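Step one of this worksheet: look at the structure below.
Order of writing sets the labels: A, B and C. Residues in every chain begin at 1.
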């Protein structure tokens, strides 16, 4: 069956319908939050204390990660650089617009309106990161129409799950390990399970990198690496908690990076380094410190977590990803299960340990701020006492460490379950016939969805003799000609 | 006529003369502003309240846009990547140095000195953006000598116009729509009108992109996209106004981006995406929200403005740019009239609407801060009353909304007129014979002004069979050899 | 002798041993500093006054410089892009981890612990910059094992020197001219002197750039350029001193940049621009303003310093680097002696002049803050008087300007001596046989240490006919085939 993959009608139709819906919803529901509303400013307002000044620097850093970091990282295929970078751009902008609405309804809705400030944009970028991580599982095998549908559904499932977990289970998850990385990972695996393409298990001739695409991808890694401390600390409490989040993320990434180099050389047949490891595994530490990133885990624990996450991630790429593809119909293109799933599980476990070990001796009274659900509930006399020490401390649920740990476990399992189910359902929708899904042969090829510059053909040509048969290189043509000349 | 394009004498002479002039002017006129002057610090100074902490983060973001965003974006030609990126670098640094002096005389001059702080640098980067936008109109067709001359003259014309508009017409233009985008656009069109090259209307064989140059250019777009909220909000009032500027810019860019993808696919013959659209049209929303970016226009208005600007820009590229080139002698190389002119006009109109619709009901008393010219004049009792509500409110001109709207209209027309005339005159200077202007044939070619690495030749060679005759590809050589072998 | 360069055992062994050592040291010695310690927060703590908010923005900017700026800049060789970018990544992360410990012991150690905050990370990035600058001297000629050993030893030598200079000589060096640039330069020259490879003095066939590697390298330059003001101002006093540091750095870089273009065209045979100049010499101004960057030197002095540094650096590349290589066994691959050594010496001299010229008339009482060693010592009645004007002024050493100038001179010479000796010793260690040092022939080639994508071969092939014999190009094959056909 030769299904058309022209975007001529489908993409514009989907975008324009979405835009009409969004315009209506924005018009009816979205207004400014108090910090962005001119009317609420008065002679007691200090403009420099506007919440924007606390949120915008972190938002800007996360923007770089989303658009440039992910964009470059996903451009690692030799013939799929346009698509990797540009579909990331499209999917991200679309997901953010939708997330502002969905998260708005669930988290920023009162007085009949969604109240919009930079903090909403920051939350929406986190939701967007979820979609982009899942995108990694199906990179090269999906049309932009499918990606927009995925963004639409995933943001919806995510916002619902996020709301339910935050409202009913109530967890500590400053770096978004559970809600972002685990959700994104298992959602993506659900989608790719449904979109299984048996013929691709043998590998695809275009599933290769080039010298320049590898460098571009490393640049993406470096942008993610550099700004990851901002990502992990963007939504923590201000002050010392955010300070620790930065320290832990940086340390975790550092130890994870040098471990990657060691493992990459150690398990390479010829003792050389593999670019794919450097592009992906180096980042594992950032995820692994996530769940306990704002806690007093001590710097050495962040260091150790970086090593552990990196090791799990490395062996995941080496053994688990091929296993999942061959035996479980899960083709995880960028190995998100290694970089976000395995590390997420380790991070969740570490977070639970940190919760169990947390004492007032280590944290002082601000323990009840970081572990806010352990704070005494409204009316408890201990709350008043604590509020004298920590002004503005909010009443909690009076949970013990053990109770909180159990809730964390519950959150992990319910997030995984919700995301996997959501991913499977979304995969089914993406498999519908009018989604412009590329044929197996056209996967990993920019030409399917882009007008290509004229040198792209030559790249294709160059590829043929080299990737299929490395012996027959262009130089051999010289020999051929010489042979011919002699035989004449 | 075979005019020499060697830079050996001309470029150094121009630079060194400029440097001598600038050293003298800096020595005589430039001193530190109060926030950078050690002598003015005393026991009442709080170092953390130094103005630099408010301005520098935005300055740094704009730096990235100017040097990396523009630099990569302008490197989209296959054989003109060095020039696009490096001439941008040269022109920008030169323009900023000169702008510090020119804007200094017009805006920061008192007690016989130009007072220099980070805020001056920020203003100078905006002036520099004006030059770089105009550069887009003549990209590939000008020597660095011409570009420096353009920078010198354009900064002078711009500073004068800016001063006149801000001092005598007095407008609301937080995002710089009128003074930056419209000025830059019509100045650039004026220059390119004078530098008209009839033979290039048929297209130039080097006026093409490559796979890598397209990716580089998209990276430039992404850097501009990511930091545009900082650009549009850098010079607003602090607090809620700056907060709204960030929100509107982000929303406008987002809606503009997804609309671009829809239009690009819809109007492509084969239903594919076109990289040039993604590189340029996605940014239209950032310009379009500019003139009203700090006002209470509501988020949905920013969303709609993004779509409108993007649509105008898209059709401008499709129909207007070719029309201008063929029938009006205006060869607008990067289509700045679409991205900055059309969107600037829409933005100005939207700004005027927002001014007409602004009421105290929506803004509260801070209306007189945002629309500062509507504030009561010195001595008016209402001013005192307002100053109790908004401490530090400056006396205004007591304009009504309608009056302000008329002044905005006046500013639009006078800016366009001034810039067009300035551009024409500058074009005439740039056309003088000793400017090392490239011949038609040497346009869009790095080799004219750079020592090239040895693989640049091979790129040229590769280009020949492919861009002129896509059928004759390198693979055909294999066939030839095989045919020969068989025929033997 | 055919020494193995496999990293299979050596790199993992070195990394894992280091990790074990570091885990032990981190576990025993590293704890949080007061601003990152939850226990020390109480009802008098304002979270927004956490030191992190003052340091993190500058830290993030320096991160971009270290990982992306340096990474891209060092990727300028055509066949050494992976290595340039990735070894920079490895070396930087390794150096930072070690610097946190070493600087921790020397500067942040009290109560038996190293106290860790973002300020330590910032200091560690500066130490890391030292290693990366020295790396420039031996780029392309060292294995990652050698680089890690160099990082380990250089960080140790550097931390010791830094501590000795700061504690015993006590200098003004806000931009790190003496301790960072001069140390890094002469350490690197020491190393490369020991690692001298006579055969490379004739040039190496792979010691060339490509079109794309040149563009990548310029991007690195631009990232360094854009964030250099943050680098030079990160460790100054807050307030007006930091403000001036930003201004001076920006102005110095600007004048340095346009001077580079002038000199590049002037001294090029055909009046063209040379990319290597633009990649390196443009940055000279940033170093040259370093030693006096926070002083009241006036903007024009920064402008002039930019021109002077750039000129020295340019002629250094042109004449001194070849001379050093040919006659002094110093093969300075990236010319760090021009960009960091010559400029560092000029900068030190300028700093000394600025110290000698500093008067209370120019600086007001805050002179004793900037030149802190000139402040009256503890117990001096003038100190109390000054402390009323400048709250928090710390007692100094009561030095005169002349005394301080002499100490600066002493610091310059002792830093150069310490670094040169350290570099020589480190070079001897790096020359040990089991360091996987590449053979002369394998220098500047990614293939030695990386699994390469399949198109890298083709790049090699392309190189052969073009770089060795530009006349025999691929197009000539067409001719050959045609000739053959005719001869049949």
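One rule holds for everything that comes next: a contact is a pair of C-beta atoms (placed from the backbone, for glycine too) under 8 Å apart; a residue touches a chain by one contact, two chains touch by 3 or more.
All values derive from a computational prediction rather than experimental measurement.
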{"item": "Turn needed to bring chain A onto chain B - CA fit, degrees, nearest 5", "value": "120"}
{"item": "Copies chain C and chain A - interface residue numbers shared by over half, same or different", "value": "different"}
{"item": "Computed distance of Cα centres, chain C from chain A, in Å", "value": "33"}
{"item": "Of all residues in chain C, the ones touching two or more other chains", "value": "57, 212, 462, 474, 477, 481, 484, 488"}
{"item": "List of chain C residues in touch with chain B within their complex", "value": "54, 57, 61, 78, 208-215, 218-219, 222-223, 225-227, 229-230, 237-244, 246-247, 250-251, 253-255, 257-259, 261-263, 265-266, 268, 270-275, 278, 282, 296, 298-300, 303-304, 307, 362-367, 370, 388-391, 462-463, 466-467, 470, 473-475, 477-478, 481, 484-485, 488"}
{"item": "Complex interface listing, chain C residues touching chain A", "value": "6-9, 11-12, 15-16, 18-19, 22-23, 26-27, 30-32, 35-43, 45-48, 50-52, 56-57, 60, 63-64, 67-68, 71-72, 75, 81-82, 85-86, 89-90, 93-94, 96-97, 116-118, 121, 144, 212, 216, 449-459, 461-462, 464, 474, 477, 480-481, 484, 487-488"}
